[in-house]
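Below, subunit A partners subunit B and then partners subunit C, in two separate complexes.
Moving on to the complex of A and B:
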């Protein structure tokens, strides 16, 4: 048995590893390589220019603007998504109180679970187009149309107002993400033994106490994963910003993100080397974030 | 999904997973490098005639060599190429097989082929995903079109191709002294309105700024939004209007200085005066909500008689053909004079050859590509193009005396009235980064309470930065 183990494992792994190496690892190595060149993307020739792209990058105000937006995204998006998803997951699983010794969700929770997951099934570009209509600054927009009906004359300029634009986009990201995390947290809650809830309930714990003293600690590792995933998503946000924002990343750069700047430098300015340098920075930012989050949130796992 | 909750999944596994997601989060990076690494094939024979030079084959193309063309499929469609130009080309060269491709994303389809050294022969570089033409030229990928312009016209007897063109066409496609690009469509830019709306209300076309604002007041009183452009994706239309005013105030050299990145070009009095005049129009006569709209949305509102005046090029009529109600009657007015001391008359117009067509110098059949352009520039080619697209071409007077559409006639008339007083700028295609800044500054000026001083200063700052940036090729005219 032991004899055939390695050929067996290798036989399984070789195809996925080859695909991963060709389409993920190799392009990454190329991007690192390109970030030290002045490649313009129109001919096979380029020169190595050392760290010039990076020094230029750190003096680029648009780059810092994008970083600022990522920080806002990084704090607001996971916080909102996790808070809302936890609330819903709690209601769907434990919120209905106990019946016959079993914890239940609120009435019709299976139905809500499906509904919450719907946005996850839509392609992101589609979501962006839909929300463009929702946010439209005249009466044809869903929200402004409703506001108009109830007598609000001045339409809310969701995407055209500098101070609102980024938040409008964050709201869409949250809307789109909540469903997935409701399911994730539901699964986590499902694996918490009912005896613990029963014991707590016998001791007279309210729903609030149940949530904070039982559910939350036992869900910690799931939350951690959610935070890392959402944090990494916060470094992206490219698709939504590209499709939804005014003047691509506007108004006046108020919504721009690194992904968009990379795209703009490649596509519009033909600065592939510079764009690669941004990509490299993004790569390290994402990695640092993931490592940091896992370190900071380290706690003793509760063994079940 | 539940397996992440199992205790055997340790932190290290998590981190690995996180890193994998991180890799997915930056797909742009992997995409951009995926196209690197092709070989280059320098073809020295490309510059010599491959076939026999004759009266019907002045460029000396190889008569049986296949030809590949790529046309951008946008507002102009592709019918003009398939129904007019390819048949015309094949009539002379029946043995040259033409491969026709069309795409809505030129750079996605064509750029990797340049990197790989296998470009198509003739490319229509246009649309929102067009390739940086200046970068292509400086990479040596674009064929010098001098011979094409010196060749005899296909069907206008006794004239070279250059003689048949509207003056300025060759210059519009010239990069540092050599003609590399054919700008084929001729665009007239101004304020568009409904002839019917004006007639019904007894409004007349204003020529002074005071008359202009008086007209805007009248429209406002009627409950129409007097003026508007789409901030979400078309601030370009508005800055063309602002710069048209600047050129009228201070002469066409204002725009030349801007193109040449002269110091203080953007902070000149002419630009400032124009910006101040337009800022007032934005603040008093437009709707801030338009900042969040796309061009088609504002254009539709004009078709519904909700917007009075709209700045745009002569492609507008064709673009809106589907939504324009019967009797709307698109008309063009030149932008009114801002001051009484304007250097150029009110009839002066922003008019330019646009829509880029070029031949790949390192393709398999560069001479065939040039020959194809010669057919596009024939009289029959030009007439076919205008009939199919309602857009004029750079072939001078090709459609004179033909009634094609109201807007086209109106644009033609304005062009005639302008005479020699036409001008244009090119910084937007030369320096895309500057173009982006002007777009943002225009939105601020018109819809976000910006001032003329701020407008001029912030753009000047970026113009100076572009000038100082050695990684950006510089052009001048």
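Moving on to the complex of A and C:
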């Protein structure tokens, strides 16, 4: 078996490693390098300008707007998604009432799960196009069309109103995300032994107590995973903003995100160095978020 | 069983908890309360179900309407006539047919490539000890921590230098590269769980390393492979940022993938837009997912949640 071992190992690794190194590892290293240059892409020559891109970035009001939006996204989107998903997962799992002391899931729970999960399969770009129409400011929009039916004549400008635009986009992210987390939390709740619920119910625990004292603590590690996933998604939102928002990131910069600014600086202005600097900042933000979440939410996990 | 929960378990015989001994009357009260709660649960769940499904049904209904109908009729009114004209327009004039086939071609190649190269690398990393094994493994897995946006500028430049910008080859290679971290991470864990005894028996029978992999180990890893194939299929089919960055410039629109094409129709559509055709295009692009989901919803749910339950 020793025979031909190394040729085999090298033969199996060479293509994947080569593809990965060329298109993933090298660009990431190059991003750090480019962020210290003033390269604009027209000519092959550029110079290293130290931290100039970063100082410029920190004085850029659009950049700070984008950061603000990420903070709003980072708080609102995971909170709403997790709260709604937990609520429905709990209903699915113990909504059937108790029979002989056993908590049962609601009847037809698989059906609800199938429906809830479906948006997860649709591309975010596609969802963005759909909701662009749903939010349409005239009667051709789903919401304004319905409002018109019930006699509201003043259409709601979901995406053109500075105060509403970002929230309209967050609502779409929540709409798409909830089903995935319902399935995830349901799986987690399903693995909690029913004896624990029975014992607690025998002690006279109400459903509220069951939820907060039994379900939540036992689901903690799943919640942590969910929070990290949603947090990382909150640093993206590119597809939605790029497709849905008025003048890409508007109105008046009210919805812009870092991904969009990177893209714009690269494609529209050819500012490769500056766009890379933004990418580096985004990387450190994501990393800080992930590290903080894992640190703050650390707590003795309950093993069953 | 090391249990350190917050759950308070009563010490027997110390306190008489209310409800611990139930009279028949209390039990029937419980059952009534249970039914009430169950009813409430159904209403709440149904409301969310409607919220999820309504926009999709609205899109399908609107795809059969004329532009005037879309503007003047109630959102959920039935179309006045069932005509496929909007679909013909969407498929040919709006080029949805071409984008669709482009997507199918690219994703078929890239998912196949991801699965082949990903499981080859994962297999070697999981079951062979050699110098540099850990380093390569962590190199792959660290890719999970980096946002793609950070790499997008250099990636664009690299593809430009390799003359791969605006080519299917370039897009497929990039899809494979960015799917490898998760595929390698998941499949390495999976190959580690496979029993040694079968592999050893095959070696005794004189199987080579390559044969061992293709004829013994891969078939044993089938369930893991299916999950990750679904995960990659859905992920690559829905990819938007990478194609937008790579398939651009003059003449690129003939090579666009579906997400990109549809987003572009929506963004560039002005006030005279043919909305009905856009709705038809949306319906056409949702259709494969709806059909796939109808047959394989269990596997799809398992595949997409695979990453977070491991």
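To be clear about the criterion, the second predicted complex is superposed on the first by the 276 of 304 C-alpha atoms of A that agree within 3 Å, B and C clash if a C-alpha of one lies under 4 Å from a C-alpha of the other, contacts with A are read in each partner's own complex, and residues count from 1 in each chain.
By definition in this document, contacts are C-beta pairs under 8 Å (C-beta built on N, C-alpha and C of every residue); 3 or more make two chains touch, one makes a residue touch a chain.
Fair warning: this is a prediction, and the values are worked out from it, not measured in the lab.
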Three-chain arrangement built on subunit A, subunit B and subunit C clash or fit
clash
Taking the superposition as given, does A:160 touch the first partner, subunit B, the second, subunit C, both, or neither?
first
Mind working out whether A:38 is in touch with subunit B, subunit C, both or neither, as first, second, both or neither?
first
Return first, second, both or neither, reflecting whether A:138 touches subunit B, subunit C, both chains, or no partner chain.
both
Looking at the overlay, what does A:276 touch: subunit B (first), subunit C (second), both, or neither?
both
Go through the superposed model and pick first if A:83 touches only subunit B, second if only subunit C, both, or neither.
neither
Is A:72 touching the first partner subunit B, the second partner subunit C, both, or neither of them?
neither
With both structures superposed, pick whichever of subunit B and subunit C touches the larger number of subunit A residues.
C
According to the stated criteria, A:152 is in contact with first (subunit B), second (subunit C), both, or neither; which is it?
neither
Quick check on the superposed pair: does A:183 touch subunit B, subunit C, both, or neither? Answer first, second, both or neither.
both
For A:266, using the defined touch cut-off, is the partner it touches subunit B, subunit C, both, or neither? Pick first, second, both or neither.
both
Superposing both complexes on chain A puts subunit B into subunit C at one of 79-87, 97-105, 205-213 or 403-411, namely 97-105
Common interface residues of subunit A - those touching subunit B in one complex and subunit C in the other:
23-24, 27-28, 30-31, 34, 41, 138, 183-184, 187, 222, 225, 229, 232, 235-236, 238, 259, 262-263, 266-267, 272, 275-276, 279-280, 282-283, 286-287, 290, 303
Show which residues of subunit C lie in contact with subunit A when the two form their complex.
1-10, 17-20, 30-31, 33-35, 37-38, 40-42, 44-45, 48-49, 51-56, 58-59, 62, 70-72, 74-75, 117-118, 120-121, 123-125, 128, 130, 136, 139-140, 143, 145-147, 149-158, 173-174, 176-178, 180-181, 184, 203, 208-210, 213, 234, 237-241, 244-245, 248, 258-260, 262-263, 265-267, 275, 278-279, 282, 285-286, 289-290, 292-293, 297, 300-301, 304-305, 308-309
Can you check the complex and tell me which residues of subunit B touch subunit A?
1-2, 4-5, 7, 11, 14-15, 18-19, 21-23, 25-26, 28-40, 107, 111, 114-115, 117, 129, 131-132, 135-136, 138-141, 231-233, 235, 288-293, 432-433, 436, 439-440, 443-444, 447-448, 471-472
Subunit C touches which residues of subunit A in the complex?
1, 4-6, 8-9, 12-13, 15-17, 19-20, 22-28, 30-31, 34, 41, 84, 87-88, 91-92, 95-98, 106-107, 112-126, 128-134, 138-140, 142, 145-146, 149, 175, 178-180, 183-184, 187, 196, 199-200, 202-204, 207, 213-214, 217-218, 222, 225-226, 229, 232, 235-236, 238-239, 242-243, 258-259, 262-263, 266-267, 272, 275-276, 279-280, 282-283, 286-287, 290, 300, 302-304
Provide the residue numbers of subunit A that touch subunit B in the complex, in ascending order.
23-24, 27-28, 30-31, 33-34, 38-45, 135-138, 155, 157-160, 162, 183-184, 187-188, 190-191, 221-222, 224-225, 228-229, 232-233, 235-236, 238, 246-248, 250-253, 259, 262-264, 266-272, 274-276, 279-280, 282-283, 286-287, 290-291, 294, 298, 301, 303
